[in-house]
Amino acid sequence: MREGQILYTYLHLAAAPKLAEELLKRGVTGVAYETIELDDGRLPLLQPMSAVAGRMAIQVAAAYLEKERGGKGILLGGVPGVRRGRVAIIGGGIVGQNAARMAIGLGALVNILDINPDTLAYVDDIYQGRVNTLYSDLLSIEESVSRADVVIGAVLIAGARAPKLVTEAMIKKMEPGSVIVDVAVDQGGCIETCHPTTHDDPTFTVHGVIHYCVANMPGAVAHTSTFALNNATLAYGVKIADQGIVAAAANDRALARGLNTYQGKVTHKAVAAAVNAEFVSFSSLAK
Amino acid sequence: MREGQILYTYLHLAAAPKLAEELLKRGVTGVAYETIELDDGRLPLLQPMSAVAGRMAIQVAAAYLEKERGGKGILLGGVPGVRRGRVAIIGGGIVGQNAARMAIGLGALVNILDINPDTLAYVDDIYQGRVNTLYSDLLSIEESVSRADVVIGAVLIAGARAPKLVTEAMIKKMEPGSVIVDVAVDQGGCIETCHPTTHDDPTFTVHGVIHYCVANMPGAVAHTSTFALNNATLAYGVKIADQGIVAAAANDRALARGLNTYQGKVTHKAVAAAVNAEFVSFSSLAK
Amino acid sequence: MREGQILYTYLHLAAAPKLAEELLKRGVTGVAYETIELDDGRLPLLQPMSAVAGRMAIQVAAAYLEKERGGKGILLGGVPGVRRGRVAIIGGGIVGQNAARMAIGLGALVNILDINPDTLAYVDDIYQGRVNTLYSDLLSIEESVSRADVVIGAVLIAGARAPKLVTEAMIKKMEPGSVIVDVAVDQGGCIETCHPTTHDDPTFTVHGVIHYCVANMPGAVAHTSTFALNNATLAYGVKIADQGIVAAAANDRALARGLNTYQGKVTHKAVAAAVNAEFVSFSSLAK
Amino acid sequence: MREGQILYTYLHLAAAPKLAEELLKRGVTGVAYETIELDDGRLPLLQPMSAVAGRMAIQVAAAYLEKERGGKGILLGGVPGVRRGRVAIIGGGIVGQNAARMAIGLGALVNILDINPDTLAYVDDIYQGRVNTLYSDLLSIEESVSRADVVIGAVLIAGARAPKLVTEAMIKKMEPGSVIVDVAVDQGGCIETCHPTTHDDPTFTVHGVIHYCVANMPGAVAHTSTFALNNATLAYGVKIADQGIVAAAANDRALARGLNTYQGKVTHKAVAAAVNAEFVSFSSLAK
Amino acid sequence: MREGQILYTYLHLAAAPKLAEELLKRGVTGVAYETIELDDGRLPLLQPMSAVAGRMAIQVAAAYLEKERGGKGILLGGVPGVRRGRVAIIGGGIVGQNAARMAIGLGALVNILDINPDTLAYVDDIYQGRVNTLYSDLLSIEESVSRADVVIGAVLIAGARAPKLVTEAMIKKMEPGSVIVDVAVDQGGCIETCHPTTHDDPTFTVHGVIHYCVANMPGAVAHTSTFALNNATLAYGVKIADQGIVAAAANDRALARGLNTYQGKVTHKAVAAAVNAEFVSFSSLAK
Amino acid sequence: MREGQILYTYLHLAAAPKLAEELLKRGVTGVAYETIELDDGRLPLLQPMSAVAGRMAIQVAAAYLEKERGGKGILLGGVPGVRRGRVAIIGGGIVGQNAARMAIGLGALVNILDINPDTLAYVDDIYQGRVNTLYSDLLSIEESVSRADVVIGAVLIAGARAPKLVTEAMIKKMEPGSVIVDVAVDQGGCIETCHPTTHDDPTFTVHGVIHYCVANMPGAVAHTSTFALNNATLAYGVKIADQGIVAAAANDRALARGLNTYQGKVTHKAVAAAVNAEFVSFSSLAK
């Protein structure tokens, strides 16, 4: 069977109905990176970007803490005898753990907050005594944020808007010249005062606190990001090329979840709902 | 030359004039562990006891933090998701560094305060990111103490009373059920509210804060302490035995400083002053 | 549907038939912390207490090694040049790993014994070269125990009595003044000579070896334990409050396993057997 | 004896002859932070600034590696599966060790080059296996620089211009978008293509390589720098205040070396030569 | 039911048809270590041998790097100031991770290559900054191998020949006196130039590169290997002894997969195919 | 002044009187690497070789523990669940610390014995909890050696024969197939049963224990050793070349101690005694 054209990349069709329409009209098989999903809910083609963004968040924050960029003039690691910078990381997933790695590496005093006990225990195992793990609740967030020089928003909930865990009232309590980086901003962000910015104009200030909310952070380190992404996409791409999309999707449930359009039909439920199209299951088409 | 009897142990003659008198009368050669001193001012036969006391201080503090012993019921290392205990160590010498090692090992959040930049840099090198090093001044002491669950007094100044760096006002700010261990208590202590206690009745409470001020802490772990002390005293003992005290002292300035009495004379200035005796230099006698 | 009163706490109905009877009579919905169980058999509301108890076990042991408390006078971490204390931890689960963390942190020489190869490999990864991992068999237990200054009993088998892995004969071979802490004692203990004690009278001595067998160790660090427990119970509590018990249990198998009584019936098999009541499945009642 | 006005700060009189003239005219006692020198040649009031600058150098470099700032788009620590950034640190003193700490912390692959075997051995001890220590010679510098994403110039020679260890030819071999930070630039710099810049216009590009050469880097983290400096200057300041400058300088050779002007005379040889004034020893004046 | 004789050991019947025939003839129940397999595909009775072989591979390589054994005279860890040896480990499974542990421990600069993102992330977590994790593709293998002093072949694919990831062309680019250890050689090896050797004549040289390809590496450290194997086999052995093979296999799917022969029939598909016998499912026989 | 020929290398004239005679006859200026000595007694041109030999000693020992080479078949690091190899390192100087680094890196259980408290404390700081530091005395040596799988002789006393700290009686108590490496063997060795061997025939067996006693161990890793040596000798060589030997020796006491022959005279006391020549001080000749 001839399979026609296959588009294998980030599609975000829900937010791009015209693109969806075109794909359907042309009968393009659309495989979206962002909906490929493992059985345990992990998104393998988003993870490398989360790792990049999490690591980058800290070096961005360190830069904006400098006086010249409006920061309070704190060196994250301090020096012997002088207090270290305090970093609060809201969320202990891939973004949060990678941010924690870098913040710990720079010598900061790091609070990482999450509600998953396995996550907290693993972080505690890996960074023995070099990080404070805290169960994330209103009180612990408020205490951590209000004392922090840097807050990293790292709450990503697959396919849903992140909750506004950090409120404007908490931001008000931070010292002027503190820095916020919201890595979740492209999904609405988990910090009330955040809205997406661009690399051209990356920051704004609310209550004296610098907000860095670039929606596509990994673009700034494109060399690293490209390799990271390729490493993740290659395996699925090879499967598609080797087996054809029908067999590949049949043999790999994660890949199957990535199928958004096929033979002029929308084959992904959420996408179908978003673009107001009929949902048809891939398996019914691919027989 | 016959050298007569040699007494080689802790003497503390300044505080024991009768013993001094007796040694002089009997012509005993008194070599005091506590006055053997290296050229750089270190006291090699006190150091092992400082290491033991510093390490033990933390396990003592951990025990008294338990509810049953009157403490606030905090586990020093916390558990994942729950805040760790906060430990303030006043002084970064041998006592302080050994206390820090154990507190870090138990997972506590440790502030270590000192004024020696080389000490702070070395501690920072050894425990990268697992300890806060702070320059010790009134402000940093007050902040550290008032937030601490455990305060370790670790300021020892050779041959002098330790200054009262931690005031009663600071103690008042601590939460009830917090614990203080003053390892320097036998030299007056560096904490205003401390006075020496014994292993039989080791603690008292001031402003709700438990004070553990046993003057001879290493006695509680006698097995370890004995070996530690022997390891340190053996080399000097062997020198005395091999070469005789005259040659040994001539060849080893540290040992020479340990000579308190010789041929019925006091050969150590501070001791002579303390027991109101004439000071005669050992070299003038030993020719 | 009105759901009536819900009791969400540790119930231990098997050991408290009168309480069970009362709950049934009043139609109380009893959700027992201790029977909430994940699909992989882990007990999420017991884990935080195990972590606390494991960590606390070592500081308790360190305290009882002091001469004043009858111990052999060994400092667990030794000091440079003097042998470190030897700790044998029987069991590498949550209790064992947390005990190991603290023992390693205090500088002891630690043997941790388990039969699960994944556990041994993970511990080896996390504490590279700072711990001896040993496959647990009669020989390795005997060797480890007979040379140990401290033995930690850390074998917990969900819903079953722990086996007596450490025999009285092994205890006899230990040096007087050694210390045993059996964290599993409230489930019978894995050490033959142990029986439960209380915080008021926590120890007894057998063959010269101090036994600390307090059944409710976390109570001593109530502040830490309370937060640890709340962090774990909160999520299930919120589900019950948000969805009602019926929907919550339907959506979360772990929570469903926690249901012990419902509408005057016992809905947990083991509990039903223990209190000699009829077992009725929750799902049959909750339709 | 009345001691007159004392100016205790950075003076840099050699570069400011007018200031020198004025101090002499007014009889001001000038104690220069930058010439206070320990017996082993270390400069205790420059060290904290070196520590700050060394640590900051890496976060500056990380920021300029971003595409938006003209860099090659490399994340210093890479992510799992993608190569880490390569950092070459020329010089293993305080600047170099602090830069290494941060670069290692961010996960970079670090070469640190020095000719002092004790320095190399200590760095190897502290960062076991996380850094490449290399004896600094033409070959090792060329190899390290040409492969590096980031080069840190960290050669400071007290009271002398740093040698141009990194030549323009080496810079040419670097990939475009690489970053150089010359922390030694205010002493001429150890990199041929460098010249001092300011925080307002911090960088320029040579052969496609971004040069960051701000002469006063610690100014950007003024909060941290101020505390670091105060911690270092306080002790000497207290001595001057307590004992008067004459006694203080008599009792502390390091402080004595800090005396640049006294009673209308230049009391520091190099300064005297630089401002073309007569050198008079402090000791001859202070009798 | 009498169960007859049970042979529980490594069988490798596919390669030993005569042995298979004999077992069938005699009705022996053959349980093969090498086909016991967990649900997730791991082979629990091969893993301990993989761990031993991986760890041993590095000490073997270190030895053959010595001049006397034909190597290039490189010390794997270098010394301070002299470059460390470079090790490329192809494969990040049990063999690869254990080899990495030892190579890192000896101070080498280690590249570990794999395609599994979870593996790379875990290795990155455990050895923070002490190892380069690289996604394994033609380019990264070629670069790593051509620069390496030591290459470890660590690709094992359960039940299949390992692919020839390292080609002869890559080997040609290595410097003479470099060393290759192919731990996968008994499954064909993942290095083109490798063929199995024995402990008696363990190496050969191709393109100046020393090849160590002993098929049974763990035999050299028989003491360690024996204990490692026993620890793994014991649990299954006990199950067989306690429950009988029928019940044991029914209760443990991993064990069931180990059954190769039963009541004169081949009960393992691949073995049946290999020895050209009829396959009969154990469950059909064991009723 | 013309300075004539300068021979700058290892000379060992005491053991080569003919060479000494020739140098004197020809008026060669002989600067011996091995007698260049810092004020604190360290020998900077022997240290790199000690580092190499110490590190290499462990990989040699690991190799000889293999069955094929006669060893007991123990893997130094064990594997998870199986005991690690035990290594006793007699002496904590450069050889001992480097050996310890490698043994710890391979995962062995390491005892390092020394009598210098500063050495023991530093090793304890650097390898927290990954090594046993023991004060070296008859008892601790005997216990460590008799239980060890590997003993490293690492006692080097500058210019003197090493004492026989490990006696034949202790060797007898070791298990057959254990391995001894005596790095001090070229100075007589610190182990009673050792005598020098060569790379061609490196080992012999006494009481079943394999003895590796190659006098010139670093020769086996010539590539690493050469660079290590060059790094150390270069600085002195440059001084000689730049300043001439007279000025160079005048400005650098360590270098001056290296002068063995000058203008036909022996300028080193110990050499003069050994070759039965008149000693003439260099300073008297070089005026």
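Think of it as A, B, C, D, E and F in the order they're written, each chain with its own count starting at 1.
Everything that follows uses one rule, which is that a residue touches a chain if its C-beta (ideal position, glycine included) is under 8 Å from a C-beta of that chain, and two chains touch if they have at least 3 such contacts.
Fair warning: this is a prediction, and the values are worked out from it, not measured in the lab.
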Set of chains adjacent to chain C and to chain D: A, B, E, F
Geometric centre distance via CA averages, chain C-chain B, whole Å: 39
Where chain D and chain E are represented by their mean Cα positions, the distance between them in whole Å: 52
Chain B and chain F: spacing of chain centres that average the CA atoms, whole Å: 37
Shared interface positions of chain B, touching two or more other chains: 48, 51, 77, 80-83, 101, 104-105, 107, 117, 121, 126, 128-129, 135, 227, 231
Every chain pair in contact, whichever chains are involved: A-B, A-C, A-D, A-E, B-C, B-D, B-F, C-E, C-F, D-E, D-F, E-F
Touching residues on chain B, where the partner in the complex is chain D: 115, 117, 121, 125-126, 128-129, 135, 137
Complex interface listing, chain B residues touching chain F: 44, 47-48, 51, 101, 105, 126, 227, 230-232, 234-235
Touch list for chain B against partner chain C, complex: 48, 51-52, 55-56, 59-60, 62-63, 65-68, 72-83, 98, 101-102, 104-107, 199-200, 202, 219-225, 227-228, 231
Chain D residues within the chain E interface of the complex: 77, 80-84, 104-105, 107, 109, 117, 120-121, 123-124, 128-130, 132-135
